[in-house]
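Structure provided below as structure tokens; questions to follow.
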Amino acid sequence: MSLNPSTAGLRPVPGARSALAERFARVRARTLALAAPLSAEDQCVQSMPDASPTKWHLAHTSWFFEAVVLGPHVPGYEAFEPRWHHLFNSYYEALGPRHPRPQRGLLTRPLLPSVHRYRAHVEAAVEQFMATADDATWDAVHPLLELGLQHEEQHQELILTDILHVLSCNPLLPAYEPLEQPALRLAASTPPVAWVQGPAGPVRIGHTGEGFGFDNETPRHTVWLQPYRIADRLVTCGEYADFVEDGGYRTASLWLSDGWALVQSQQWQAPLYWIAPDNPRAPASQWQVFGLDGVKPIDPHAPVTHLSFYEAAAFAEWAGARLPTEAEWEAASELPGMRQLADQAWQWTRSSYDPYPGYRPWTGAVAEYNGKFMVGQVVLRGGSVATPPGHARRSYRNFFPPAARWQFSGLRLAKDGAC
Amino acid sequence: MSLNPSTAGLRPVPGARSALAERFARVRARTLALAAPLSAEDQCVQSMPDASPTKWHLAHTSWFFEAVVLGPHVPGYEAFEPRWHHLFNSYYEALGPRHPRPQRGLLTRPLLPSVHRYRAHVEAAVEQFMATADDATWDAVHPLLELGLQHEEQHQELILTDILHVLSCNPLLPAYEPLEQPALRLAASTPPVAWVQGPAGPVRIGHTGEGFGFDNETPRHTVWLQPYRIADRLVTCGEYADFVEDGGYRTASLWLSDGWALVQSQQWQAPLYWIAPDNPRAPASQWQVFGLDGVKPIDPHAPVTHLSFYEAAAFAEWAGARLPTEAEWEAASELPGMRQLADQAWQWTRSSYDPYPGYRPWTGAVAEYNGKFMVGQVVLRGGSVATPPGHARRSYRNFFPPAARWQFSGLRLAKDGAC
Amino acid sequence: MSLNPSTAGLRPVPGARSALAERFARVRARTLALAAPLSAEDQCVQSMPDASPTKWHLAHTSWFFEAVVLGPHVPGYEAFEPRWHHLFNSYYEALGPRHPRPQRGLLTRPLLPSVHRYRAHVEAAVEQFMATADDATWDAVHPLLELGLQHEEQHQELILTDILHVLSCNPLLPAYEPLEQPALRLAASTPPVAWVQGPAGPVRIGHTGEGFGFDNETPRHTVWLQPYRIADRLVTCGEYADFVEDGGYRTASLWLSDGWALVQSQQWQAPLYWIAPDNPRAPASQWQVFGLDGVKPIDPHAPVTHLSFYEAAAFAEWAGARLPTEAEWEAASELPGMRQLADQAWQWTRSSYDPYPGYRPWTGAVAEYNGKFMVGQVVLRGGSVATPPGHARRSYRNFFPPAARWQFSGLRLAKDGAC
Amino acid sequence: MSLNPSTAGLRPVPGARSALAERFARVRARTLALAAPLSAEDQCVQSMPDASPTKWHLAHTSWFFEAVVLGPHVPGYEAFEPRWHHLFNSYYEALGPRHPRPQRGLLTRPLLPSVHRYRAHVEAAVEQFMATADDATWDAVHPLLELGLQHEEQHQELILTDILHVLSCNPLLPAYEPLEQPALRLAASTPPVAWVQGPAGPVRIGHTGEGFGFDNETPRHTVWLQPYRIADRLVTCGEYADFVEDGGYRTASLWLSDGWALVQSQQWQAPLYWIAPDNPRAPASQWQVFGLDGVKPIDPHAPVTHLSFYEAAAFAEWAGARLPTEAEWEAASELPGMRQLADQAWQWTRSSYDPYPGYRPWTGAVAEYNGKFMVGQVVLRGGSVATPPGHARRSYRNFFPPAARWQFSGLRLAKDGAC
């Protein structure tokens, strides 16, 4: 059976309708649960243009189902409020004009209960569609439903990273106190790095075709790797503290030029949420870190997070190593002994976010999902404490501008040559 | 009886304690009533650096009593939460460091109910002070209590002007719908302007010493006026629409240089909240205006508001007239026939905000109340629909930068010479 | 005889044609002499939007005669190069579009010799006009010629202030070394201030009608002064150094709010061209100052210059005094004992630049000469070492934004009350 | 023979001393010849932070020999003027503090003749070194001399691109009129594109080790290519004009997201130096282009230049093709039939500027030459009309930010798959 063009080139996802319906209910409920610890005020404000309010995430993930699934594919569907399309479109030029991104925090209206009703309205319509669509329609449309859920999972992570930034701007440094606490798992000690030998010569990378994948992971293709070694674990806060102590932020030769300019103009001295000893915001005699659970002493055994690419690259230089390329990361990810792959921190790679050879974006509105951002950004691999369980995979390509620090972004070292 | 130096040079306010206590209760309750139509979200966000969130106004007006009255003058007073002083100090260098003004909208915490408790805590302490202070203390401190109420009334007006700006940024253009509706009073027709002849030669202006006055209204002093005439009423929306229609915003020769630069860079085409015909935000065939009660057709008989000084001056030039100086305004304000003095719109004058001859600011922390802003601003006289009844007076000097448009600011014309 | 309207309301200037012709030759030659010490490169660049290149001044002062005198009033006059009108119009909206002010430094062409030819072309045409115009035309036009010379004298001062800023941006700190050295006159010691009692009650200020005056000095009118005293001399560098030493730049309570914000954001620590001890740009053990004659030790007896209004006002506050108003300055300027009135430094007053009562700008293009700048600026009185001898007068109103520091601007103190 | 570590990892360049001496004289003379058509003013100003003044290029290329060769390796060398090191260091953190890049245009001093003397001083010292160095020193140092010449050739290209930008800012649009005219070669007609089949599977790219190469071209290594075709020639102005006519600059779906934002904010409508019909700057009925030889009609057969990466990528999308990767470009560059490789325009590739696998920068000060810029930029391959003959090579990696338009940058198309 050939795919309906309306599904834009997405692959059908094997499995029964009932499984997708269950997953739909689970994902949507998890989004609300993530917002539950937050007041209406917390959910409304925007602390910087890159980060969006929680309420906006709640509404935007519903708009996506309306704009991509319900509107085009469910005859007779009535939008909850047509004027909201303008408010909750993120960046889809093909789907009409948009409220400016830096002004999302000014949308005190619709109020939160109205957004909750919007979510319920969309959910009811999707559930009815899942229950009643004929088989041909189902075959054609269900990949877009799955895309909607993958999209919502991405915004679940952003809900956490964005609210953490909001709370960090408050001198009172309030904790998020999540329903399901995405805490960094504590270790009693840091084992020494074990260097894992990666494969050399031609290797295959990219999405295998099994299960869901984004267009930017395709096509699967051959790359040629030189011999390299990769660390079995992430860099820890203790190791990063040594870099700080050693004057890492004062040593120009360790930094890329743009990074050094930011170190100076922004007066970076440590990862984004680290709090120096004797800082009046949270006085203490040692380094502390602000996180979803508030202010705590730095755990030297925990993976360091909230680094920009520039900081990750400077640390690697200081450590006499380098960042892995994304192909090296992916090729090594299935080797035995590799740890902390996708559950702790996104890992900056030394790969700019370029298209794979032969890449074609999906078609229609979702053509804008990934392809149009393929310049000026850097790839991160893995997954973080804030990533929904099961969301990421070995071929997953996350990407952010090199100066971005508000994600749970850390690093894993690599080196040239054989062990 | 000599004033306690702690009262900073303020004049004692005649009247019984009970009268001030009643006034205190009334003013504080009115502030809350103004916020009542707004959701927690509405009260939290900040739409531009010049405007503050409602919640911040609620807290700041309580901080003022804490910082100026309770802390220095009531032994044993315990601050509700000492860490909040940093959050709710507006601009008093003498009272310690402050949260940056452009980030007031990021203060999702404290939550609104906590701010309400803060208000109650402060009110209880002030009420107890009013009931129990000995006479000497009362004499010394009650002028600061009165200042706190005058200060709170100023913020009542800002609550309205600031929330109007927030709501105007929302594409849904929601109405404020106030408890006590401060609507512009409608007139069935616009009477022609009557020109009132002002006094010439030496006249006395400034605060008379009766009742409360700000330091910037003093000392009362002589100025010498040349013969002038002043309009008995404000310029109307209908008259201003004629200016717009006549190409006022496209005619450089009508404008001050800085104003013309703003017309071009900001693409000003009408007063701040006017909505042109066929604007997709609120489609209509005629000009409309957004106000506290939502979107309505322009009332040609209502005073025009939400003008910058530049627009007021350009209109006056177009009309073959000029703006009155603040001394002319004050001298004319008690003449018979003068209308719409203080209940419709603040009136831009042709006077920069300079100190009066012999001006000395109050002492102590409240020295910063007015004096340090005396450069780069323009005086407005009168009062607006948003000004608390009884707050303003003939000698009252309001002031804003010449580009400010979010106040209820309009104009009254003047001319040189005799009628 | 009634004035031709084309002369825009300017007063006729008594005196023979030959006197004006001689003055024309003298002023034009002086402009060139001021540029003579400078290379073509020096004369081309622009160090900030507020300051213009020397070459631009040379051309603009010729354009002014073309646009205001020769083009409108001399039949058959052929412009030297019509395309240059766009380049050398400064801000006259009525005279067509203009090259953007911040890009004047990009005009490497026309080359300097071409601009010299432009000057000669204009001069020949003006001289021919002066020699051949019939009496009626002369009566009508010669006030505009005088305006052109007054205008050129203003630009002579700007040539010096602007090139000083250019040279100060060069780490080599080269000296201007002028042909006629406008050096501050050195004094062996600083006499104590003598306080001169100013007149109180009604006084007349404004241009008397004798000789040339700008429109902004008119009409002469009555103001009412309160008793005041004014210093007989300017504040010296030595006195200002005491203010610096005493922490003046670290004491918020001395400053106007906008000034304090600039102190912090711009890290002001002394007057614009002062060089702190041990500054690597010009190492020395004491404070130095960069001037037209290069780097020299501060002369404690010389008037302090290159202050913003904010610094002048903060110094006055620190000194227990205040700045005089412009009316006070003018009224005192003819009292016996007043020194350093117009030959050392412009003196910031405590008067915003507002129109005089009854002020009407000239008409036509020159209406833009002064009137459209009457907001957001502060009046300076007197004259400086860079002012052409004979240019200023008692009623002269100079004006700059309160943050401007690149002029030869200092201060004279005043106090309330009687001696 | 092992290389002296002071030569930083550069390869020795085979050939006699005399050959290098001749080349030195030739390169240095060519730099001066490029500046010869320009006045001192032309050579002094800076039109944007990215572009430097000609005079600065003249001095900086001499500073480079002083800082990298003469100072460290020639005992007893006396710097021409030690204070100039601060002025003419470009970005070498290891070589001390620097004059800020955006202020290079304020350096009216040293005057041009002094910079000419500086060049002569350095040249004499280098020539003496070349004539007298013992063999061991020669072996160690001559690679740095060669680097100095390669560096100077890069600045020769920048002299042309930067002065073109200066001249383009002048409303008079003056021509550069070069001594040796680097004009685009005109063709009588545009032949249709021939698609050349590139190699697939493993290919070797990077510097071969023969002759000079920059560190960023190394190490030579294997990459794996998918089947692709590449155009034998560049895109022409005529083809690009079709894109413009077809609404290319108004069609969001063709653009990368950052590019579309620039199209809107900068109002891009055509390549940087194209002049639309009826533009008042150079009125004509057809499209024109400003170049080193002034304003001319667009030549439809000439390669289009002065494109940003965003425009190149949008054109390729519109044309149903894509940009080649840098590996594809290099692999195809030696195939028969490939034209316009290195003599017309730099060609944007679809490769971000990342390090090659195993890349190590040179050591010492020249470590900063290339490595620290390896993020946020895009690779261009080939060479342009402004590139010194013989400077570029197949493995040469030029790089600029994706928004850069002031270079002679165009594009060559590619497609997936076999012919």
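Read from first to last, the chains carry the letters A, B, C and D; within each, the first residue is number 1.
Criterion: a contact is a pair of C-beta atoms (placed from the backbone, for glycine too) under 8 Å apart; a residue touches a chain by one contact, two chains touch by 3 or more.
Please read all numbers here as calculations on a predicted model, not as lab measurements.
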item: Shortest walk length in steps over touching chains, subunit A through to subunit C; value: 2
item: Longest centre-to-centre distance from subunit D, chain (CA-based); value: B
item: Approximate Å spacing (C-alpha centroids) for the pair subunit B, subunit D; value: 59
item: Distance from the mean Cα position of subunit D to that of subunit A, given in whole angstrom; value: 37
item: Centre-to-centre distance between subunit D and subunit C (centres being mean Cα positions), rounded to whole Å; value: 46
item: Numbers and ranges of subunit B residues touching at least 2 other chains; value: none
item: Those chain pairs that satisfy the touch definition; value: A-B, A-D, B-C, C-D
item: Residues of subunit D touching subunit A in the complex; value: 91, 93-94, 202, 221-226, 228, 252-253, 255-260, 309-310, 313, 325, 350-355, 357-358, 367-368, 372-376, 378, 402, 416
item: Complex interface listing, subunit A residues touching subunit B; value: 39-45, 47, 55, 83, 86-87, 99, 103, 105-112, 166-167, 169-172, 174
